[in-house]
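Worksheet: the structure to be examined is printed underneath.
Letters A, B, C and D name the chains as they come in the text, with residue numbers starting at 1 for each one.
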């Protein structure tokens, strides 16, 4: 039964794009995103040319991927040294983080899951301050309004309706904002994901659904997560879905920008399934050797988004060894700075950390409890 | 945007079957259900012939539709006279109730929503006893195991995962049972519906999903319920979906039987979207004049499942005026019996009705509370 | 003016929409139909379908999009059609509505309207009293009116409040008339004395306040003077008003429809027993629903607290010791 | 034998699967990984992937299919990965698991395993104590062990019981070792005295039992003798064991991690204040989590009840009056 639908590949040997092919067939006519992709799902040469990114901009995409990977590594080191309670690497998913974030306007809100440290850095959130979340100092160390970057959502898929509601609001306010919500392959199994997709279709919300299909939900492989297809599901909600190569940063950039612009024009939501791979453990608490083969991981390292893009940049004469070395050194420096700053950051005052942000209009009994709490601290 | 996908009709002018056409295109090859239907979505003459229903059986389908419609009317009268607290008519949906129930084996469990009085009657549940639920005497007046008919599920869509779990169990026990779960168009918006559909695909559960798309969720029309398509969604979970004419009892019978047999063979779940119409109010508490036009309802009465089937039977010489009159009289009698029996049925003993079925292994404090409660009744 | 509670709530919604162009009403059947209880009757016509709109049938998304709309600067007033159908939204309410400000610094001025309680002869899942689940959830405010004028005032205050409020409407009281004063403001977090008395404090809220008042009338015939307190806000809980009364009466009975075990009355009884330890002449009595799932409607009168059971508890605290 | 609580639960699961071929374990990551806490370690290998299997990431469906499997004759033991992720399943648990038998006559022998509680330095949503939500829900049984041998015995009893049980595992205690006796049976609904004492009754459950025992040790240095009661079952609640103790001590303190407001301690305090009205020498004290969302882990020690706060409450009830 798993194969009754040729359009619907149920296992994904590497990146199989036969599905995209069909979707593209069906929607190319009016889908401004699908149009950029050749039937085999790769970004067409023409589209690549029309990205409007000059050499500096193309180099900057590379630079950002290198920098966030280095920061990711630093965070993992900090966790191993006991300076962070937990770390969830995004190693291998840098093309999605950088490509999608840069394709948006800085005012377009992003609704992340919990693995989007790289996106946050691309939005200018201070990485050391962000890491205080994993250091147990704060549940949300940045002001979402300042960076148009929502708090991390740890309960899987629960941020998806938030993004849809936000986008409904943009439409009601008749602005030309778009919202982007990102989530994993596992998140697509949750009821909230479905309800939000359906609302988005009904209300034509200007929202881009960006699935980072990295093939794993902790230890559960995609093949046990669904017998269907993620990109394919969009049709059931009345809007297009497209599977793309999530390790090709230009494909991610092009698809996200086209989907966001389409949303701005009032043409409704769009689902992008960016196929990538979780090269690291689920989090620092996880032990992938219990459930996956090193060979699978190795196979994917050949598709590493940074290596691939670097090769293309060099071939196109946009990057040379010298500028590459400079970027690597810059990334090293940023990694060191993150560590030094994080370790310097003070522990907030407990009363404020525990009671300070619960209510906007704190009730009397709540304020009395806080006073007693703070008084009790002074005693000790 | 609503029309970007030709495969995906987003408004339903009457029964538009263009979608089915495509689905059939795609799945005819291996889909034993789709194969029975012509590209325009109607049951093919050939399939009609192969149903293996003799004249008596074909007449019985008609008889049952007439009887449950009469019982439905009696229940509505009883409600109007204050004998029932609430009634939700299924007027216009008789073809689905009878066709689907008769297509199953009596041992195949049915998981109803709250409007499946007709299905319950077809399973042999005593209608008067069933009505005690709407008389406020019991939350579940029949033994589900005896009739392979689950309790009504009032919270919308919550019964769908129950059916999937039951079917998973049938598969684990290696039986050849199938389960059928029925729900409305509105139910497809709930998270539980999605989670259950996805589980069914992953575990290849022998379950038939039967959507009674009657175009309304209380006052919310299908066009505000989803911008997508219900039958179309199945593909996203890795199994076929088919939209059929839910007012054609033979189409419902054929599709349900083929889908159930397919499930028995271990080929997995199937979604049938039976397009019908809610001719009555949502329930006796509802006032449809506030949200829909009489004209729409009138348009649908032309498609009445009983009238259509009767015409066909008469044309085929399977039914004549005499036998038709006999059936109508029989139905009248059953209507009267339901009323008489219902009004005779005793009010259960309060202690038993309130405490009797809560626990299989009642805790001490619970039993003490029940004793005190029963003692307090004797005082009064 | 004279109005039913249903009308008072309708007015509060209308006045709130008129007062704040960012206020939005949405939910199942709230538009053309005006809600299954007609609470939003006429509002879509008056304010248009961008400010009052129907949603698909999905409670978790109704609350989830309310959060997104609030982040975008709106003041959402989602309706959950019945008490028994708020559970699919529990995750969004407990993990996000209640906690979002604590992790973002952004207030979510969401008022979730929920008709609740029994005594309407309904089928299963339409007579629940889930207030304790939400009162136990830090970050929420939980409010429930007992009279039309409080319904108006408390709903206006809840919508105006920058924090999320779960607003429980005693549906069995929707069609009871009373005079309402649209000018009078009713603050959150303040209980009130519905009936002055001296012998026993009867603490109630929402649907049971009227039952308590009837019990007080009955009792007065036997020259027993009950003081009836209407909590109005469950979270925060106004202990000052409660203690002021118990200081007089030295006896307390708490009443609600929800099952007694772990119900909101447990908090009230625990607090009164603690704060009035030296004053109490008798143990605090709890009168509430039986510890079973809500029964078939023919038996609901036996399940729900009534005047007799309140008076029994009153006799008990009076006869004690 | 010596075992950690994690191992004891693993053994109870294994012995239950071996004893009843209809027992099934499923949930997120319970298969090859053996669960994020390794509680189901080795079980899929031993019993095969038809009896121990991973599910898609969907808590509501995990509980919903458990109901269907139970109807089909199985004895499901679903795992919810963390306390904070049980909320998406709230509808299925409250509207169906708890009420299904009441409307069908069919018992659902489902045991929902939930690691709960704080003190593990986790990120948000991984340290919740939602037990009161379920204790207030009629039709459920709510159980939580404090020791490895109770974890074994109570889990065996919960799985064997024909009624649905929400089984809360104090995850901070998973790796504490103790001797367990697989032969000893531990009935549901019975509390136990963990430590005999005469001056004050300290009532705790799950993760706070050990804290209470430590407090008792501390107190004994000052010649204050605390009796520590481990409730083990929250619903039903064993008042007999509690009252037997309070009859001796005339003083009670109740401890849990959940916020105090409307927490399970409210029920215990209300009941003790009521049933022991004439005995109590001091008001019952509640020691619990602060009335805020669970704080960032660096501050959890200040949020959670500890030995000092228990002893403070003890001093208070001893010094009272």
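Here, a residue touches a chain if its C-beta (ideal position, glycine included) is under 8 Å from a C-beta of that chain, and two chains touch if they have at least 3 such contacts.
Since the structure is predicted, the reported quantities are computational estimates derived from the model, not experimental observations.
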item	value
For chain B and chain C, chains touching each	A, D
Between chain C and chain A, distance of the C-alpha-averaged centres to the nearest whole Å	41
Distance between the centres, which are taken as Cα means, of chain D and chain C, whole angstrom	30
Whole-Å gap between the CA centroids of chain A and chain D	37
Touching two or more other chains - residues of chain A	138-139, 155, 189-192, 195, 198, 202, 224-226, 358, 366
Overlap residues in chain D, where contacts from two or more other chains coincide	56, 58, 60-61, 84, 87-88, 91, 95, 99, 102-103, 124-125, 138-139, 235, 237, 291-293
Topology of the chain contact graph, where touching chains are joined (line, ring, star, complete, other)	complete
Chain D residues touching chain C - in the complex, by the definition given at the top	60, 84, 87-88, 90-91, 94-95, 98-99, 102-103, 124-125, 132-133, 135-136, 138-139, 235, 237, 258-259, 261-267, 269-270, 273-275, 277-278, 280, 282-286, 291-293, 320-321
Contact set on chain C toward chain A in their complex	24, 50, 55-56, 58, 60-61, 63-74, 88, 91-92, 95-96, 99-107, 109, 138-139, 141, 161-163, 188-189, 236-237, 239
Chain C contact footprint on chain A (complex, rising order)	109, 138-140, 143-145, 150-151, 155, 158, 160-170, 172-173, 179, 191-192, 195-196, 198-199, 202, 357-361, 363-366
Residues on chain A engaged by chain B in the complex (per definition of touch)	1-2, 4-8, 10, 26-27, 30-31, 189-195, 198, 201-202, 204, 224-230, 232-233, 235-240, 267-268
Parts of chain B lying in touch with chain C, wherever the complex brings them together	85-86, 114, 133-139, 154-157, 186-187, 189-192, 217-220, 224-226, 285-287, 290-291, 347, 350, 353-355, 358, 366, 369, 373, 377
